[in-house]
Every structure is written in C-alpha cells, then in structure tokens.
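Below is one structure. I have some questions about it.
The letters A, B, C, D, E and F name the chains in turn, as written, and every chain counts its residues from 1.
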Amino acid sequence: MSGPIVVINPNSNQAVTDGLDRALAPFRLDGGPEIKCVTLAEGPFGVESQVHSDQVVLPLVNLLGQHPDASAFVIACYSDPGIDACRSVSPVPVFGIQESGVLTALSRADRIGIVAISGASEKRHRLYMRRMGISDRIAGERALNITVDESARGSGTFARLQEIGNRLIEDGAEALVLGCAGMALHRAPLEAELGIPVIDPTQAAVTAALGAVLAKRF
Amino acid sequence: MSGPIVVINPNSNQAVTDGLDRALAPFRLDGGPEIKCVTLAEGPFGVESQVHSDQVVLPLVNLLGQHPDASAFVIACYSDPGIDACRSVSPVPVFGIQESGVLTALSRADRIGIVAISGASEKRHRLYMRRMGISDRIAGERALNITVDESARGSGTFARLQEIGNRLIEDGAEALVLGCAGMALHRAPLEAELGIPVIDPTQAAVTAALGAVLAKRF
Amino acid sequence: MSGPIVVINPNSNQAVTDGLDRALAPFRLDGGPEIKCVTLAEGPFGVESQVHSDQVVLPLVNLLGQHPDASAFVIACYSDPGIDACRSVSPVPVFGIQESGVLTALSRADRIGIVAISGASEKRHRLYMRRMGISDRIAGERALNITVDESARGSGTFARLQEIGNRLIEDGAEALVLGCAGMALHRAPLEAELGIPVIDPTQAAVTAALGAVLAKRF
Amino acid sequence: MSGPIVVINPNSNQAVTDGLDRALAPFRLDGGPEIKCVTLAEGPFGVESQVHSDQVVLPLVNLLGQHPDASAFVIACYSDPGIDACRSVSPVPVFGIQESGVLTALSRADRIGIVAISGASEKRHRLYMRRMGISDRIAGERALNITVDESARGSGTFARLQEIGNRLIEDGAEALVLGCAGMALHRAPLEAELGIPVIDPTQAAVTAALGAVLAKRF
Amino acid sequence: MSGPIVVINPNSNQAVTDGLDRALAPFRLDGGPEIKCVTLAEGPFGVESQVHSDQVVLPLVNLLGQHPDASAFVIACYSDPGIDACRSVSPVPVFGIQESGVLTALSRADRIGIVAISGASEKRHRLYMRRMGISDRIAGERALNITVDESARGSGTFARLQEIGNRLIEDGAEALVLGCAGMALHRAPLEAELGIPVIDPTQAAVTAALGAVLAKRF
Amino acid sequence: MSGPIVVINPNSNQAVTDGLDRALAPFRLDGGPEIKCVTLAEGPFGVESQVHSDQVVLPLVNLLGQHPDASAFVIACYSDPGIDACRSVSPVPVFGIQESGVLTALSRADRIGIVAISGASEKRHRLYMRRMGISDRIAGERALNITVDESARGSGTFARLQEIGNRLIEDGAEALVLGCAGMALHRAPLEAELGIPVIDPTQAAVTAALGAVLAKRF
C-alpha cells in the first residue's frame, strides 16, 4: 500500500510536533496512508527569521532522504522553508503549508486574509504570495504579534485571534488562513465565532497529500 | 458523524455518474465520510455549451435542497455550472471541479496546462481562470476535440491525450489538469507516460471536500 | 434599414422598464434605429440575488429568439445576467450594462468607482470586473444599501448618492458608474454635484449598440 | 442644443480628413449633434513617429480653444497624441481613437487583436495599452507595414488586411481594431470576410462622444 | 574617453540646474565621465502641468542634437517629459529620473512610496508607473503640496517630508523616492530620520548613466 | 571615506572571481569606493541547482560579518542566493545580480530577454521575476545550455549567444540580460552584433552599489 505521509516540523520544539500530531488525528483513516509527524532535530527552537528559514533547508533535504518509503512530504512551517530544494530532490510530492493553506482558502472564498503570528513575517509571506501569482485574491495580512509558543497555548490568544479576524473581515476577507503551524486548535472555535471559513494550513497540506496519494490508487 | 459528500453529475448521462463513482472509490475510507454520486435528472445528456451550463443552475440549486444531510457538495462538470448560485444557498461548502482541479495543480507545479475536451469550451475556461486571478500560472489550454462520450471510452483517446499533453509541455506546462469529469481512468497512465503530475479534477474536488469535512472533527 | 435595439429589463417590474424607456428617449433620433424596451415577464420582481440572476438566463435566451429583427440587444440589469448564453446564441451584438458602463467610464477617467444598490452585489461585481481584466482601474465600489425600488424614487436617494459618491472620490475615483439600471434620473444632478463624470450604464450600453448599428451603415 | 462633436485629424493631409468625414456620415442623425471634421494645419503630413506624435500636442491644445462650442472632441490619430494635455485643458470630454477603439472591441469579444499600419508603432501602442491596464485582453498586434496613404487606397491593402486578420485570429483574437484613422472603408468587408467584429476606431470614438452628448439630454 | 553625461533641467529655472549640479558633485570622479548640467532655455519656469510637460518635448529633442559628444542623457524632471521622443532619436542612452528613481528604489526594498511635490501630478505618475508594469510594488504616493521652488528651500519642507514619509511608511512603503528633481539635499537627513532608504531620482538616473558608460570600457 | 563594495562570488571557483574582478576594473575610479571581489570558500564549484543555491546562504551570511567596513555587498551569482537572509542581517545595502540586471535592463528597453546558461534555471528565474512583480516586461528567457565554465571561455559560446540573442529578439526582446556572473567579456561584442543593449548583471549590481555609496556623500 501507500507509504506514509511524512509531516516535518522544521523547528526542534517537540511540543509543536505533538500539537501537529493531534491536529492531524482526524486525517488518519482506516485504509488510508499513515500520517507520521517528525521533528527536525537540527532546526531552531522556532523559525522566526529569514536566517532561521534558510538554515533548515539542507537539514530538510537530508531528512527527506531518510524517509525513502514516504508517499508525500509536508513541510509544516508557514514560511515553507526549503520548498524549492525539497521539491528538486524528492521523487514524491512535497507540500508547503503556506501554499496549501492559501490555495485551500481560495477554494472556499474569493478574497482571503492571513493571520500571521508576527509582523516580521508579513513581507516574507507577501513575496511568497506574489510569486504564487495570486495576490489579487488577498484581502490582507495582519499579525497577532505573539510568539509561536504563545500561539498554541496562551489564554489571550483566542481573543486576539477574534480581534484580528474581525479586522481582516473589514479588509474584505471572506475566509482566513491561520499563518502558523501551531494554531489548529483555534480553527473550529474561530470559524464558529467569525462565521467565515478558517483554514489550518497543516490540515490543508495534509489534505493535499492525502488526495495525491489516494488518486494513485485508481 | 459527518454527512455524505454529495458529488453531482450535472448531466443526465448515468454512465458518466457511474464512472465518477468508480474513480472516487479510493476516497471512500473506513471512518471517513460517505461519498455519494448522484445524477441531475434534469440535466442535458452532456454539458457542451454555455446554454447547457446555464440551464442546469436552478435544478442544481434544487438538488442541493434535497440533501440536507450533506457535509459538502461537488459539482462534477468542468464548467463549474451553478457554482455561484449553489454557494449562495448552501450551508455547507460547495466545490467546483474546475476550480479545485486548477488549485490542486498549482500545488504540484508552477505553470500548468489544461486538456480540454473541446475547443468550444476554451473561452469559457479562460474567463473563469481570469476571474480566479491565477492566469499568470497557466501555460496553456489545448483541446482533444472529441466528445465527452468518447473521452471516457474511445481507444484513440489515450494517444490523443499524449499528443496534447506533450504539446502543453512544450508550451511550458509542468502539470496538467484533465478538463472534464470523465477522464479519471486516463490520469495514472498519462502521468506515467508524460512524467509530470496529471490531476483529475473530480478527485481534486472530492479531496478538498474530504479535507473540509475532516478538519471539522478536530 | 436597421432593426430595433432591443433593451431587455430582466425583472418583471414594468415601472423599471418604463424608467429605462424614458432615460433612453434622447437616444432615439430621426433616422437612427428604434430603441425598444421590453420586460422579461418570467423575471423576478427584482434581480437581487445570485439565484435571481441565474434564473433569468433561459428566459432571456428565449426572448432573444422572439426578436429576429433586432439589430442589437441590451440586457438592462447591472449583473449582466445571461450575457454569455445570450452572446452564444445571438446573431447580433449583445451588450451588458455592467460591462458597457465600466468600459464607458474607462474612457472618461483613469480610476473609476461603482455605486452599488446593495452590498450583497459587491462580490458579484468584483468577480465580473476581475474576469474583465480591468481591476487595476477600479478605485472602489460602495453600496447605497437601499432597495432597487427606492433607488429610482426615494427622496433620500440623492443625498445618499452624494455621500457615497464623495467617499468613492476619496477612494480615488475620477468617474462613477451607477451600478443599477434604474438610476438614470440621478445621473445629471449627481455629475453636477460631484464634478466628475457619472455614467448611467443603460445609456452606455445603448450607446455601444447604437455605434455598432450605425457603423454597419458605412 | 448640444454643440458639435469636433473630430480633429492631427495630420495636415486633407484627404485623410475627408475620408473621416465620409466614414462618419452615418453618425449624423437628425436631432443629434453636428459632427465636424477639422484638419490640424500645423500637423505633419502623416503622424508616423514618436516625434510627430509629440509635435502636434500644443497645436492640438490650441485648436481646442478655437472650438468653444464643442460638446466633445475626438483626436483622430491612432497614437492618441496629446490626449493627456487636451483632457487637462478641455471643459468637455476628449476621446482618443486608440482608447475608444480598444474599449469598444472589449465590449464585443474577450480577446482582441490590433491591426497596425506599421511595425514601428507596435511598441507605442503596447505601452499605451499597458498604461490602460487592459493588456490581459490583447491577443496580439500585427502590422500591415504599408504607409498611411496606401492604407486608405491601395488595392493590395484589403488582401493584406485579410492575411494579417487571419494571423491575429490564430493568435486568439476574437475581434479586431483597425489601428489607424483611415481604414474605415475596409471595416465592413473585413468583418464579413473574417467573421468576427472589426472596429473602426474613429467610429468608436465618435460613438462614445455621441453617447456622452446624448446622455446630457436626460 | 567617454563623452559627458548631459543632465538636462527641462525648466528654465537656473537655480534648479545649479542645485542638480551640486547634488551630482559626488558622482564626478577622476577618470570617470564628465557630468554636465544644462538648462532648457525654452522650458517653463517650472514643469507643473501636463501642458508644461508636453511643451518641452521638441526643445528637448533639439537640445540632444546640440550635444553630439554626449555618452548619455538624463532628463531631470520627475514627469520624464519627452522620454519616448528623446529615446527615438538619440544614439546614446536616455534616462528619465522618474523611471530610474523608481527602479533604483525597487532594488532597495519590496514596496516603495513616492513623495510628490503636488497632488496634481499623482495621476500622471500613476499612469507612468502602470505603463512601467511595476504597480504591484507601489505602496502609495502622497504629495507635499508645496511649490517646486519651496521644495528646494523652504524651512518647513523638511518637517513636511517627515510627515509625508511617515504616512507612506504606514501605507507599507519600505523605501521612498523623492518625486522631484530638486530635493536632493533632503535625501540624507530624511533617510536618517525615517530609517528606510530614500532615493533622489536624479542621482539614480546619473548612476544608471554612469553604469552604462563604464560598462562600455570593458 | 566610504568602505569597499564587496562583491561575493558564491561559488568556490577562483577563476570566476578573477573574471569578475577584471570585468569590474572600469568601475574602480580615483576617489570612488574600492571594489573588492571575494570567493566564498564554502561554495560549490558552480551554483547549478536549487540545493547549491540554498547551501550557500548561511556561509554568505557569515561572510558578510567578516566585512564590517563594507559600504555595500553584491552577491555575484544569477540565482541571487541568500539575498533575503543577507538583507535581513546587513546594515548596508545588498544587491543581487539578477535583480539588478533585470532592473537595469528595464531602464534601457520596454521588453527584455534573459540569456540563461542552462534551461534548468529557467523556472528559478521565472519565479524570482514573478516575485519581483515585473513579469509583464519579460519577452522571454532562453538557455545556452552550456556549463558555467564554458560560458566564460569556450570559443563556441559567442556563436551560441548570437543565436539565442536573435531568438529572444524575435520573441520581442529589446534589451538582453546575460543570466550569469561570468559572461561580461561577451557583453560588448554581443551588443555590437545584435544592435540592442546587453546588460552584464554584475556590472549592473556594482553600478547600483556605487550609486548608493556616492549618494551618501552629498
């Protein structure tokens, strides 16, 4: 049968990997591919700068080589670090969560908004989305300005998500992408609260991987 | 648990619905949502013109109302007929196979090509893709110029797919979308032959629906 | 000589048709083509939703067939319902008032603004204008949020038009399009008040039709 | 009543003005505005270079001042020389034939082609159309490579128009604009021959002027 | 060796030419090309309108002819008047300061802002930048609304520059272009104050000219 | 005075660095900044793949730190490896040769062509140019399909450059960028042969650096 979908957390924070693992539980179905979450040991504790993003590329490329049975890879950091290099060496599809999160949101609404963790990443995301050629569909990006660590835990995070979500709706957003690998547990409550689709990018990328794997079975 | 993903064939050709049903078999997993394929009785035998495309809109809207338990709908005709109207009335996500096919291809390659059944639909697709705001990523669209009926059966179809696929590769395509609901059985052989990803749009839309349904379980 | 320009009101409100008829009086010149305004009996009382817009397509296509002597058709509803289907079957030019209104405004100013009746149509218009490939010239669209019925009569309508017009000017608009078939009587006063060109879309479409008909005489 | 629509031939070749005058005859209707064709005495014999195009700007601005009763102006040279300057000083609308020709074609087809007189003007037109923000709708521009003088007379011109028109159709054009003020007499035969709309840009601009003038009467 | 880079001030205000001359002093290096600043005697005292911009075109073309030894020309007015005509006749490169200022800023930041002297030129600049095809990179343009004369002297100018610069930063600008030939002396202090790159467009154009001249020496 | 402009060859082939050094000789002027060419010892012998491009990022970032007196940096590899990371850490401007080469060509012509060494880099360049938001100005990119090593020496290289250059001219290119750090010696002969501007990207980036440094002196 199909090999596992390997979801790589490019930072070395195992708690983030564990969170991913929980958020992906519903995607593990009997008869479907295994979904394996792994931590990049060489990664920084959080990918929070351009240099962080670049320093994980070679370790990611090496990690791919250690999973020869993988049927697909997901790079679970919203900067999609190493996406070009990984694709250039991998015999199986590689999905970046920013790309998949954005494309998935585009199938749910016309104009979309991005909720970033930090304003520092806004420019990186903007360049990436312009490169994707889909900028006309972006209503805006706004930052929570909290740490990655807080994003998955802090009790104030949800109130901040609501506030930023509402501002993106005023900007014209009709669906939102959570611009971080670690906010899946806020997805459903935020969607319920705001009344528009909210996309968790890791779930989106795993869905794309699942589709690629299952399509091969026909 | 989640209600069924309802895949609607907007033409009244039951053989097309049956083909869809077979192509979606791998997406039916234990514990996952049911995937139900239905035929729009009021549809024309094939959706081959703009008027055909428009005449199925109200029947589609009505059909949605007959599936109150659906967790998502897929409109399985490459013109995405009625997508705006269906979305405006449906409480659950509605996916069009053109939109999903194109977005899925965009997660597999930078520039993509579309294999149309007939040159007559090229303009309709072009307008739709421009409306999607992703035209910069389209390498081209080329038509097989065969009938929908032939597309699923004719022995000459595969040779024609190879020829058109190769021309799209010359145009710059790095992945292909099959621009019709009824060519799923050619997907894997064509991908093997051409060496680039080939996307069946119904599988792509069902994948998107599956992702939306499963995400709600976390 | 040339047959009539047939202007179709796709809703069944005869008062709207009568208003169109009056607004087009100046375009009826001796020696020029007749301009005939007709009501689509099967239309809803107002076209105010996506479903309304879709439900008039087939009746419109049928209506075209009842005017074999027409030299051109104008679909006088700002959603341009049925424009693709009508064009696909008509032997003579078919003009949509949204398309003509926007193109006419583009010949009067660089960036234009749209005055919509209702916020509910903003997304429909945006998708249509993106499909037209002219989004770079749109300064904004803002809604009066009144009913179609009020738009042609209500005494408060003009004050609201001024307010919305001024906000669009702040957005950068250098000309305005009235985003509704029934506001022609406000055109001249609003233009005088705001000091920038204001386009009535039905007049714009009839102008385009007139040009197409007269050009054939040389 | 409304003052005349003043159509200015920016070159000093009276034969060109006379040709314009004839082509506009059908647009002179009882009760409609007068359409007056004038020659720019200071213009070069033909506007065939960038310097020619720039040298007529001030004379054009001056000429406008000599027609205080005009209800609209049309600059009848496909380079739209002086359009910005004329608009900046004129109290009434000023139409350029390139702009009007292109916008009119966009109301008749999705992708349009331009038939230029000379390859030397291709770049000038391309920059102008990019400035218009409508480049996504241009299928191509191809040049006859004949002189302006030949264009209105030469017996070989029509054969050349057919050839270039057919090549533009292969490029994807679904309507054509004649990229010169002096080819109106070829419009109808070429349209009949090619089976797609062919737009004479001066007729298009006069139509726009007529629409602006008539709209003011309601 | 290489002939001079001839920098033309298209207005007849010698004080502006003298200011350019001083601002370019650092670009005069031993062994490098001479940099000669000349005044267009026929120019208006300031180029402040579209007509001003057009009236200098032919005199500029003539002036080029008087410098047959030039290795490059720079047109030092932010409207880039006559750029197309000058390029069409000059055997050596011609640089416009708007074009060079904008392209230089694009090498220093992703999104850039333009500080205009007067709101009246905003539209002219916008059309020019759209024609350049780089509008996606423009965060905004805002005007000081002072005269050209004040811009180089007035004590209040710097405070106004700070205010407008900060508003452009709020708009998303990550580098600024001074939209006028005469503000070079404010460049360094404004850059120091705002903390983002500030580009003087004449220095940018002279840099481009210098590069073109020096490249020929290898 | 100003510190040196440090030009970094990201591959470890000293012969390439020596070639850069020679090509930059004309840019070393008395009184101007020093131009220092350095080799990235940790680089691969040639940067010919995505992984090569990514593996030099951290070494480049480190190298910047070893030149605290630099007034500007130039990354002299046409992939602009590490440009984002280097900019994020450097207190002085960092120029990439692809970006500077393209922007410089855009100041010399409307539509430009890229001469790549290898077809393998075409996609990388395309994504980068789309990210730059200037794709509308690209006439095409064509590859010599020779090695980096051959590009600087092989006697057949010039004939191949002519051939590819002429094909790009047919594609519509009005200026060319040499898509490699090591082809400067072909620039002048190719420009003479083809009759359109040919840009060496390293010279272009050093020009930009020179301009940034000299501007600070006023």
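In the analysis below, contacts are C-beta pairs under 8 Å (C-beta built on N, C-alpha and C of every residue); 3 or more make two chains touch, one makes a residue touch a chain.
The structure displayed is predicted, hence computed values, not measured ones.
Both chain E and chain F are touched by A, D. With contact taken as defined at the outset, chain B and chain C are each touched by A, D. Of all residue numbers used where chain A meets chain F, over half belong to both copies. The two sides are thus made of the same residues. For the pair chain C and chain F, the distance between C-alpha centroids works out to 53 Å. Chain C and chain E have CA centres that are 44 Å apart.
Annotation for chain D: residues 127, 130, 133, 136 touch two or more other chains.
Shown here, the protein chains touch in an arrangement that is not a line, ring, star or fully connected set. Inter-chain contacts, as defined above, occur between A-B, A-C, A-E, A-F, B-C, B-D, B-F, C-D, C-E, D-E, D-F, E-F. Put simply, chain A touches chain C in their complex at residues 110, 136, 174. Those residues of chain E that touch chain D in the shared complex are 49-51, 53-55, 57-58, 61, 82, 84-85, 87-89, 124, 127-128, 130-131, 133. Those residues of chain F lying in contact with chain B across their complex are 123, 126-127, 130, 135. On chain B, the positions that touch chain A within their shared complex are 22-23, 25-27, 29-32, 93, 95, 99-100, 103-104, 106-108, 132-137, 184-185, 187-188, 197, 199-200, 203-204, 206-208, 210-212, 214-218.
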